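In what comes next, subunit A is part of two complexes: it sits with subunit B in the first one and with subunit C in the second one.
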Partner chain A sequence: MSNKRKAQDFLLQFWTYFAAFFSFATLSLIIFFIFTNGVKLLNLDLITHDYQAKTHIAEPLAPNDTDYFEPEETLKAEVYYSPRWGLGLIDSIDLMGKTQVEIAYVHPSSPFQQLHDKGLSHELLSLKPDMMIIRIAYSDQPSSLARYGAERMIDELALSNQIRELEFTIPGGGIRGSIITTFYLIVFSLLFALPIGIGAAIYLNEYAKNNRFTRLLRSFIELLTGVPSIIYGLMGLAFFVPFIINVSSATSGSILSGSMTMAVILLPVVIRTTEESLKVVPDEYRQGSLALGASKTQTTFRIVLPGAFPGVLSATLLAIGRIIGESAALVFAIGTAIKDDIRVTEQSTSLAVHIWAMMTDEPANIELSSTIAIIILLIVLLLNLLIKLLTRRFLRKVSAPR
Partner chain B sequence: MTAQNPIVFQIENLNLFYGEKQALKEISIAIYEKEVTALIGPSGCGKSTFLRVLNRMNDLIDSCHITGNVTYHDQDIYQPKTDVNGLRKSVGMVFQKPNPFPMSILDNLIYGPKCQGIRDRFLLKQIVEQSLKQAALWDEVKDRLKESALALSGGQQQRLCIARTIAMKPEVILMDEPTSALDPVATAKIEDLISSLKQDYTIIIVTHNMQQAARISDKTAFFLMGELIEYGDANQLFSTPENKKTEEYITGRFG
Partner chain C sequence: MSRINTTLRSKKILIDQFAHQGLKTLALLSASFIFLIGSVILVKGLTPFLTDNDGLGRVGLIPFLTGNVWLIGPTFQSSLYSVGFLIITTLYIVFLSLLISFPVGVLTALFIAKIAPKKLAECFRSVVEILASIPSIIYGLFGAGFILKIVYQMSQLVGVQSKGGNSVLSTVIILALMTIPTITTVSEVAIRSVDQRLIEGSLALGASFTQTNFKVVLTAAKSGIFTAAILGVGRALGEATAVSLVAGGRRSGLSFDLLDTTATLTTTMLEGMKESQGLDYNIRFSVGMVLLVVILITNFLLNLIKRKVGKIHVK
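This part shows the complex of A and B:
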């Protein structure tokens, strides 16, 4: 008998050990996979660059005869540098194997820091590392072309006194637009979801009588938590997208309609979490407040709600996680066009939808997707820390120093 | 016999039910101004329930309903048009467990007046100082008003709750076993406080501690199983009780 019990105990205990190890290993593997695939592409340019490559034609000011720009940092051996123009170029190869000339260094007082855009915008541009030079046309000699390489371009540049025009490309592939969209989405979704969700939670926990209607409402909210988000997406497409088109200049899915759809997805989570945190606010606080002649509403909003603040924060955190991770519903409600110029009444993609777009490309871009996944993980981690910090600061303010 | 103080609460034939269960039976009692009235009796006898009738805190319990008359200065407080918040402002309450709000000492004190719409900072400051002094807490906390109220000791917290009640300038203070969660030293301070507050306020206190009732009360009411068994001058009730059950209870034979 005792042996049997021992065996049972051992098996059950082994099972818990195994389960814990298995969960840990799976999560680590996922993170390992993402990092090994994505870390190569992870750099600041990816985050700051536009998705669409942009070509400009512009005109620099002529340098003075006496100008001589000593580079302020040591340049790599393969960089060709013109001290007269303060420009360093390097050979590189584009994705299709063609030679191209990449800018490696621009001196801070180089004439290339101030370029007149000859296109429609007339804005001032400046050359920066990583941009590609396609062509330089001179007033006093034939043009230099990128296909002859960086060395020849620098040589020809050194001979010239005046540049007529310069054609260069700002490389694309960046996810700046998607990051901005994600933040817009977080802000607007919370703006819609939190007031309504918290209000509903207060009603349910503080005002609603425990009757059949309240129970029905609660089970509805529970049900909504389990509805697949793509169904919310359909609802967004059928309801919020036309609504935003009607009331604004939008012509299709937009960040606003996406946020509204997202807010509906978040409502059940926000309501449940807030209600749980309202429940743990001690009844003594409510009684104490009422006994001082405060009204029920004053008690609710000045005593109970602040007491539930940590819970509301964790509801916010859950909501943000949900917003960052959502893709299916947003494909319908915002659209899948990756944009650089973000407007709340236009289509664009959140980071998760950006991944979706990369993976539906032919061929699927697993590396870039993994890099975006790393960035998503970092954002979630940062927000987590921020909320923890806020909660701790709040708790320190109200509780006894121990 | 000295001249009787005016009546504050007049209760006649009060019955109170929690759903089907009757918690108070045919209570008739008069509470007098600027006296300490102690309510004693074993657990579950209805004394706390009775206390909560007086500021309508029982309203918070859905299944609770009452019959009979409860008048406060000749006003029936259970008529529909009663201003419950106004009633609770002038009939304050201190609870068994100290329950300061999780805010600073200062915010705890000005919470009530602010809810009444008082915004004048000078006036609020005056209220804070006065009520803390009356609650004998001023010297201990005057330099740390911005600190969390939860950092105070249990006895200080309870005196803060009394100060918080006084800040509303009430006429009556209901106390529901205010010292049962405190040590003897803190208890003694609260008892001293009650004796000094008697000059300005009518105090009704529920207590389990008969010595406490004998020490601080002018009138004592003995409750048993939802009924008011005996009510009278504290000295008389504790020395020569009229009812057999009272005698058995105060001599410790049951309860």
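This part shows the complex of A and C:
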């Protein structure tokens, strides 16, 4: 082989290696980016907290009669505790780097358990761990402020006999609402898509004759896969949103209209995956069942469908992955208002749309978006792994008896 | 005894027929959704061109398809919408992204299918699978948080003031990254299904391993590889949320400058919808209609080229 040939071969070989490692580098970069930005917000509070922070101004209902509250659990060393008020405070720093005073412990019979909201709502409030105290105003001395830290606040609290009012924040930045929405979306979309999809797959594979009409049906269903999701979103906006507004108390896009739109997106996936697994069920099963006197319906639902169960399961998992990742269609079919109180007839965001809503806002919240992205990515990877295991087991099971 | 049998059997037949018709209805329902989509988009999308739009005046079809400004005049007070520049920018961006994703995707597929040792190939196949399953919003987030910064700094090096990195280049990179896994997966299947005898023949004639891979394998698999490119183009044309985070939302003026802000048909559809009726609402369906037509025409043309290209035989 000539040297020129060798050099040329080497160059071409180099490009294939380069291309392959390019994909690898992309994946690593994406994962690296998401984790470095998102990991610091990744904790349990994120999942349990509301997105909107709420600030209350309140006053204690009852005056403080008792003078001493023994803490019922051992407190951490950094916690400053006032036995007189039964309140434990701790210093913390918010995302902007400012000092905050966080509540670490509230005694069960502390006067802070019963607070009267001085705002419009007049509801009964109580202090809970994780909330932030902004200001405590007294009747008999100057107010204590959060920026001087927890220790000074506790000292001043100990000197006072009467609290006039108290300003505190229930921290936001959580994604509880979006997690619940995503869950509702998954349940309702599957509720719509699975019966229709599995039924259609059974018809196409078990009942339909191989004629022009069936081929036409198939090609119409196949066409759905090529439609971009934003077009599905438009369809949901113009068809399912008005439909849900007419039949329920909804006034705009809602989880229900989003689920219906999502169900249409899922149909081709569910139909194809189910049909493939129906095809793998051996014909002997059907013939055996029919020969024993079972009807066609009995054979289909008692013999064939259970045999195709792993395929149906992997269709479900694929569908869940698609629902979690979908954004464009849902922006239209539900809306982009991030909510904390979730109702199926109201707007709210799934996790993916939550990211989109925050990224199109000014300024974009890349940290929280990355944290949500970590959650989405982990779920999607887990689903992929499950599908892989399922297919492998299914293939082994089907090929074993032969 | 026989009467019981007959009633039982007729009941069974009844159930069978009922099940048959029920399942058929479900299949018909599934197939009907494509018509629902088509008719909804068509009805809403044609409204701006056919009606008076509550006194704003009819939108002209020709100006709509050829104009250079998304909207002349304030929203809700003007009917001078146009998407001409958006159609061209969309095609331009998709073409540029294909310039990156096609070679990288195909060569990755070649590497996985023919060059890499078995273990390494398995590993890279998983990498591509994971990339394919990452939702587009995460690509968008990566683009907005990472690619934008790099493009911004790069443009400063060149001395161009780009708007925070929102540019044609960022959009092209994000679209390329998103379409690589699609192209790789489909072309890998095509490459692996190339007849082994063809490869052995080439090797026996004295061609080197690399020569065989590039001249025989890739040529023999070109029909499948072309299908991969068509699928990639389809995905890139329809992508919305990821692109909207890096494009910059250009409202007017055709620009081929790599570092200038841009917009595509999909990002314009996503941009701030304020009303749920009227022209500003309906016009998005018109854009959707244009997008569908663009996708259909591109697909048709590419399939035509594929048929032409497919006729050339392995040299």
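Here is the rule we go by: the second predicted complex is superposed on the first by the 267 of 402 C-alpha atoms of A that agree within 3 Å, B and C clash if a C-alpha of one lies under 4 Å from a C-alpha of the other, contacts with A are read in each partner's own complex, and residues count from 1 in each chain.
Here, a residue touches a chain if its C-beta (ideal position, glycine included) is under 8 Å from a C-beta of that chain, and two chains touch if they have at least 3 such contacts.
This is a predicted model, so every value here is computed, not measured.
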| item | value |
| --- | --- |
| Comparison of subunit B and subunit C by subunit A residues contacted | C |
| Touching partner for A:Gln287 - first (subunit B), second (subunit C), both, neither | first |
| Touching partner for A:Gly307 - first (subunit B), second (subunit C), both, neither | first |
| First, second, both or neither for A:Leu217, with subunit B first and subunit C second | second |
| First (subunit B), second (subunit C), both or neither touched by A:Ala208 | second |
| Which superposed partner A:Ser295 touches (first subunit B, second subunit C, both, neither) | both |
| Which superposed partner A:Leu124 touches (first subunit B, second subunit C, both, neither) | neither |
| Which of subunit B and subunit C A:Thr16 touches, first, second, both or neither | second |
| Subunit B versus subunit C as contact partner of A:Leu61, first or second or both or neither | neither |
| Common interface residues of subunit A - those touching subunit B in one complex and subunit C in the other | 295 |
| Subunit B-touching residues of subunit A, taken from the complex the two chains share | 209-210, 282, 284-295, 298, 302-303, 306-307, 397-401 |
| Of all residues in subunit A, those that touch subunit C in their complex | 1, 5, 9, 12-13, 15-20, 22-24, 26-27, 29-30, 33-34, 37, 195-197, 199-200, 202-204, 207-208, 216-217, 220-221, 223-224, 226-232, 234-235, 238-239, 252, 264, 267, 271, 295-297, 300-301, 321, 324-328, 331, 352-353, 355-356, 359-360, 364, 366, 369-370, 373, 376-377, 380-381, 384 |
| Complex contact set, residues of subunit C against subunit A | 12-13, 15-16, 19-20, 22-24, 26-37, 40-41, 44, 103-108, 110-112, 115-116, 124, 127-131, 133-142, 144-146, 177, 180-181, 184, 208-211, 213-214, 234, 237-241, 244-245, 266, 269-270, 276, 284-285, 288, 291-292, 295, 299 |
| Contacting residues of subunit B [partner subunit A, same complex] | 55, 57, 60, 62, 85-90, 92-93, 95, 97, 99-103, 111-112, 115-116, 148, 150-151, 161, 164-165, 168 |
